[in-house]
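Structures incoming, each one as structure tokens.
What follows is a pair of complexes built around subunit A, which joins subunit B in one and subunit C in the other.
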Partner chain A sequence: MSKTITIDGNEIPFAEGQTIMDAAMAAKIYIPHLCHNPEFKPHGSCKLCTVRANGRAVSACTMPAGEGMVIENKTGELDDERRAIVQMLFVEGNHLCPTCEKSGNCQLQAVAYCLDMMSPHYNHFYPPREVDASHPDVFLDRNRCILCELCVRASRDVDGKNVFGLSGRGIGSRLVVNSASGRLGDSTFAVTDRAAQVCPTGAILIKRQGFSVPIGSRIYDHKPICQVETEGKSGGEHE
Partner chain B sequence: MSDVKKVRIATCSLAGCFGCHMSLLDIDERLFDLLEAVEFDRTPLTDIKHCSPCDVGIVEGGVCNAENVHVLKEFRKNCKVLVAMGACAITGGLPAMRNNIDLWDCFQEVYQYEGGLEGGQIPNDRELPLPFDKVHPIYEVVKVDYFLPGCPPSGEAIWKFLTDLLAGREPKLDYEQLHYD
Partner chain C sequence: MEPCEFPHIEEQLGPILGRHGGDATRLLQILREVQDCFHFIPPEAVSCLASHLNLSRAEVEGVAGFYSFLSLTPRGEYRVLFSDNITDNMLGKAELMQYFCNKLWVEPGKVSEDNLVSVDSTSCTGMCDQGPAALVNGWPLTSLDNNRLDLVAELIRIRKPVAEWPEMLFEVRDNIRRPGMLLGEAFEPGAGIRATLARGAEATLKEVDASNLRGRGGAGFKTASKWSFCHAAIAEEEGSMICDVGGHPERFIVCNADEGEPGTFKDRVLLSSHADLVFEGMTVGARVVGARKGFLYLRGEYRYLLKPLEAVLERRRAAGLLGENILGEAGFVFDIEIHLGAGAYICGEESALIESLEGKRGRPRNRPPFPVTRGYLGRPTVVDNVETFACAARIAEKGGAWFAAMGTAQSTGTKILSISGDCARPGIYEYPFGVTVEEILRDCGTEDAHAVQVSGPSGTLVSWQEFGRRIAFEDLPTAGAFMVFHRQREMFAAAHNFAHFFAHESCGFCTPCRVGTQLQKRIMDKIAGGHGTPADLEELKQLGHILGTMSHCGLGHTAANPVLDTLKKFPGTFERKLKALSFEPAFDLDGALATARSITGRDDEWAHLL
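Here is the complex of A and B:
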């Protein structure tokens, strides 16, 4: 007999070793997430996937599912907290969506739409963040980096290159590049790397592709991310 | 003349491009329906220069200089409901792209170094409002009651917002009307 958990009243099966997120994705239930992509080891840093499991707040992407767990996911209270997290991500970076090539295909923006975020609410930091255009094929704009480490994980675990890492603390945290000069163009990074494809935001952009998909045909123009992810191929996959 | 009291609306554009106002005009012939229900106070459409007591104030653009703050405070003081319309009013928007560029470098680039500006001077008339080193959204300066995002929000979104508000409903944009670009 297969073991089950209950998410918002729906009983779903899980296999031993699966996280709450794994089980939810398999059952096509959307739990908001940004730093999680099922292709990589969970990171558990963005906290957007916070659910209540038997009354306790846990990260769905790292918490193993347990027999009979009763989970609250889509509640007003949790969505309020998630909206606040997303608002903080907006003011901690420089997210000027009208200027961004990723707009319409961006997971951060799409999650914000899903949570009815009408404004970033908090005071903006407008932190100075460096852009790096040194690579011939890829543009790195740290203004839009949410420090999810998906590129770090992809480069390390799939590409076997270790091109990216995080450095610094607090508002000074930033993405760093593993090359003597610290520039992407001087690293071993290639446009064919998996790490070039996994950024949920517009921080890592392939050059000469900007705005090639017209407004109206972009991933989240007509469908909210909760629908795209539960209808789509593998959850978390984009573009 | 009808004696139904019309809702009084004021609008202004601070550090914006007037795109949101153009989008307001994009509701096309529904403007006539709107004018049945509202009358305009201070707005670029009437060219009235100062705000008198209003029901709704709609602000386009962020705050980039001292004059913007004066106008914004005049709106907050006079309007029962204040609405931030568009990306600039809500995030600083495109003008905020200068926020991490030194203001002096920015002025030199615009008024002196650009091609064809040989001998150009940085404007320094006392009449000109003092620029701020950073552009800010209006909610960082005054309390804002409602937000209408978009760059610009579409005519449809503006219409939905206004009709909700005028009918006394909590304004709620449909999924496709809510966008930040």
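Here is the complex of A and C:
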């Protein structure tokens, strides 16, 4: 007999070694997340996927599922807390949806809608962040970076290039590029890299593709992210 | 590209790299030396280290950018960092720092025009009983006043090397006021190891178990359990056991001397005057869990202890207490290496400490797995506090029952407290667990004590109504900090200071802590500036809830404690600062003109919007 966990009253099976997130995804249960992508090693930094497992707050993407675990996921309290975290992500960077090429395909924006975020609530930090257009095929706009490190993981673990890394500390944390000048154009980055495709926001954008899919026809324009993620191949690319 | 300013970097870094054997786990140690050499980490050095250590440039830059004592932009030849703990501030830190800056014509946080000096604040340097304190190029200056700062400024002006400065500037006193079984009783180096060898490792573990020793870093995990988990764990890679060169399963003993909690300085004293006890405890632990290598992770602020500690290690090696065949026991091999931190409170968290030991950014790991099964380099690792090891040495020598006879049922033995703030005799006090706050206050000489911050900002604020409470895991657990505030102190100022501390020390890994500690700081700034409203207090409570439940590690979980405790126990200190309005915009119109005023050098009435 296979082992099971219970998420919001639904008993679902899991295999040894699976995390709560793995089991939920397999059972087509949506747990909000931004830094998680099943293709890469779990990270556990955005904290959106926080659930209560046997009453204790844990990150679903890193916590191994355990026999008989009782998990609360879709509760008013958790969604309030998750909304606060999304609001924090909005105010710490410079996210201007109406002028962003990623609008409609952006997971940050989609999660915000999904959690009924009506305003940023907190005061904007308006941090000065660097934009890097040096690469012939890719823009790097740190204003939209949420420090999920998906590009770091993709470049390191899939592309074998280590193009990205994180420097600084605390609110000063920033994405850095592996080249002597610090510019993307001087690195080994290529538009065909997996790392060019994984950004959940518009921090890494491919040039000369802007608005090829018009606003209104994009992934999350008609279906909320919770539906997209549980219907199709979850967590993959959304281009 | 800008011209290369360090064309000879390869030759310059050669000796440093050579000393560390080109080992990437020593990256932080290497970067510390590069910082000493150039007063920052030049971009050329980042590239050079990356290629020699087989790391990406981004990884080296990542580490260099993480630690406060390293800098990617030039700092002054003399870097003076004033300790910013609330106790330093109560002793006049802010005024002294301004005085010093005026004296040297330098702005806080900036480098002087001639690159001679930079002045800034740093988190508590662990000299609270002899503050205000500062660090000059990493060396501690204590008991600062205008006269001492005049001398320091003069020494900098004449470019006297720090090594040649008068010794009295660097005098650090132990201030042991109440010794107990750790600090007061004579200890013969080797006594604990001898007893362990006579009794056997398993029987020694039983003694530690019987002693009911719990971790002295504050969390209070039972030491015997930690040791036995580690002993039972075997690291595997692709199905086969990971062994050292001798064919033994690799395990490590790590002593956490990253004493960063503001107001805590008891490990400083243990390491300066009772290092044998600490190293002995580590060696006993090594025998019990089967480790052959140990590390002491010493916070960067205590670099002045590095040489004396290495001398103690050398003496112990000569006495057969470390190295091969310890005390003649064939096959008992254990040695200790000291790693220095570089200004990061988060490295006191055991998994962040391990990352830092591996030469990386001090970022707490996802758990499980716990360090006892997968720690340093993925091997089973015991991480214990300095004082825990000192206790273990005593238990090995005198037995578990002797130890368990002291203290309370769930908190056996003694606890060393580091007392500072408003009291006549700040310093080190060792008490059996169970002592009341009131008794301690009487001993350290307080009049009019109003509140005590027990175990630092991440601990508990105890108000005058609660002075009957006891220091014990059952009531007030503590890592050792005990900061006293008298009736005239504004408790808001302490909470404000601690909010800044956490915002500065958040590692930035998880969203709630990275952003939440900033939001908390900004709201406290708003209230301090006279713009707070009742809505801001509600916001602080809400933020405290998010930090406490959603954060990745203990730093975030406790980052709102001082604010929430103060709101609950001293609401008046907040309310007095509030505007009697329900809403006040956070955007400060006049404040927004500050940059323009600084650029134009104006401060007249027309340069303000009031």
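What we mean here is this: the second predicted complex is superposed on the first by the 236 of 239 C-alpha atoms of A that agree within 3 Å, B and C clash if a C-alpha of one lies under 4 Å from a C-alpha of the other, contacts with A are read in each partner's own complex, and residues count from 1 in each chain.
Everything below uses one rule, namely that contacts are C-beta pairs under 8 Å (C-beta built on N, C-alpha and C of every residue); 3 or more make two chains touch, one makes a residue touch a chain.
Since the structure is predicted, the reported quantities are computational estimates derived from the model, not experimental observations.
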Worksheet item: First (subunit B), second (subunit C), both or neither: which does A:Asn123 touch?
Response: both
Worksheet item: So, does A:Asn162 touch the first partner subunit B, the second partner subunit C, both, or neither?
Response: second
Fill in: Touched subunit A residues, subunit B compared with subunit C
C
Worksheet item: Regarding the shared-chain residue A:Gly104, is it in contact with subunit B (first), subunit C (second), both, or neither?
Response: first
Worksheet item: Touching A:His95 in the superposition: subunit B (first), subunit C (second), both, neither?
Response: first
Item to complete: Would you check which partner chain A:Gly170 touches, where first means subunit B only, second means subunit C only, and both and neither mean what they say?
Response: second
Fill in: Which superposed partner A:Thr230 touches (first subunit B, second subunit C, both, neither)
neither
Item to complete: List the residues of subunit A that touch subunit B in one complex and subunit C in the other.
Response: 123
Worksheet item: What residues on subunit A touch subunit B, complex-wise?
Response: 90, 94-100, 103-104, 109, 112-113, 116, 118-121, 123-124, 126, 128-129, 215, 221-222, 224
Response to the item:
Per the touch rule, the subunit A residues reaching subunit C in their complex are 42, 44-48, 50, 57, 59, 62, 64, 81, 84-85, 88-89, 91-92, 122-123, 125, 146-147, 162-174, 176-181
Worksheet item: Which residues of subunit B touch subunit A in their complex?
Response: 84, 87, 90-94, 96-97, 99-100, 134, 136-137, 139-140, 144, 146-149, 151, 175-176, 178-181
Discussion item. List the residues on subunit C that touch subunit A in their complex, please.
Written reply: 1, 43, 47, 56-59, 61-62, 64-68, 72, 344, 361, 366, 368, 503-512, 514-519, 522, 542, 545-546, 549-552, 586-587
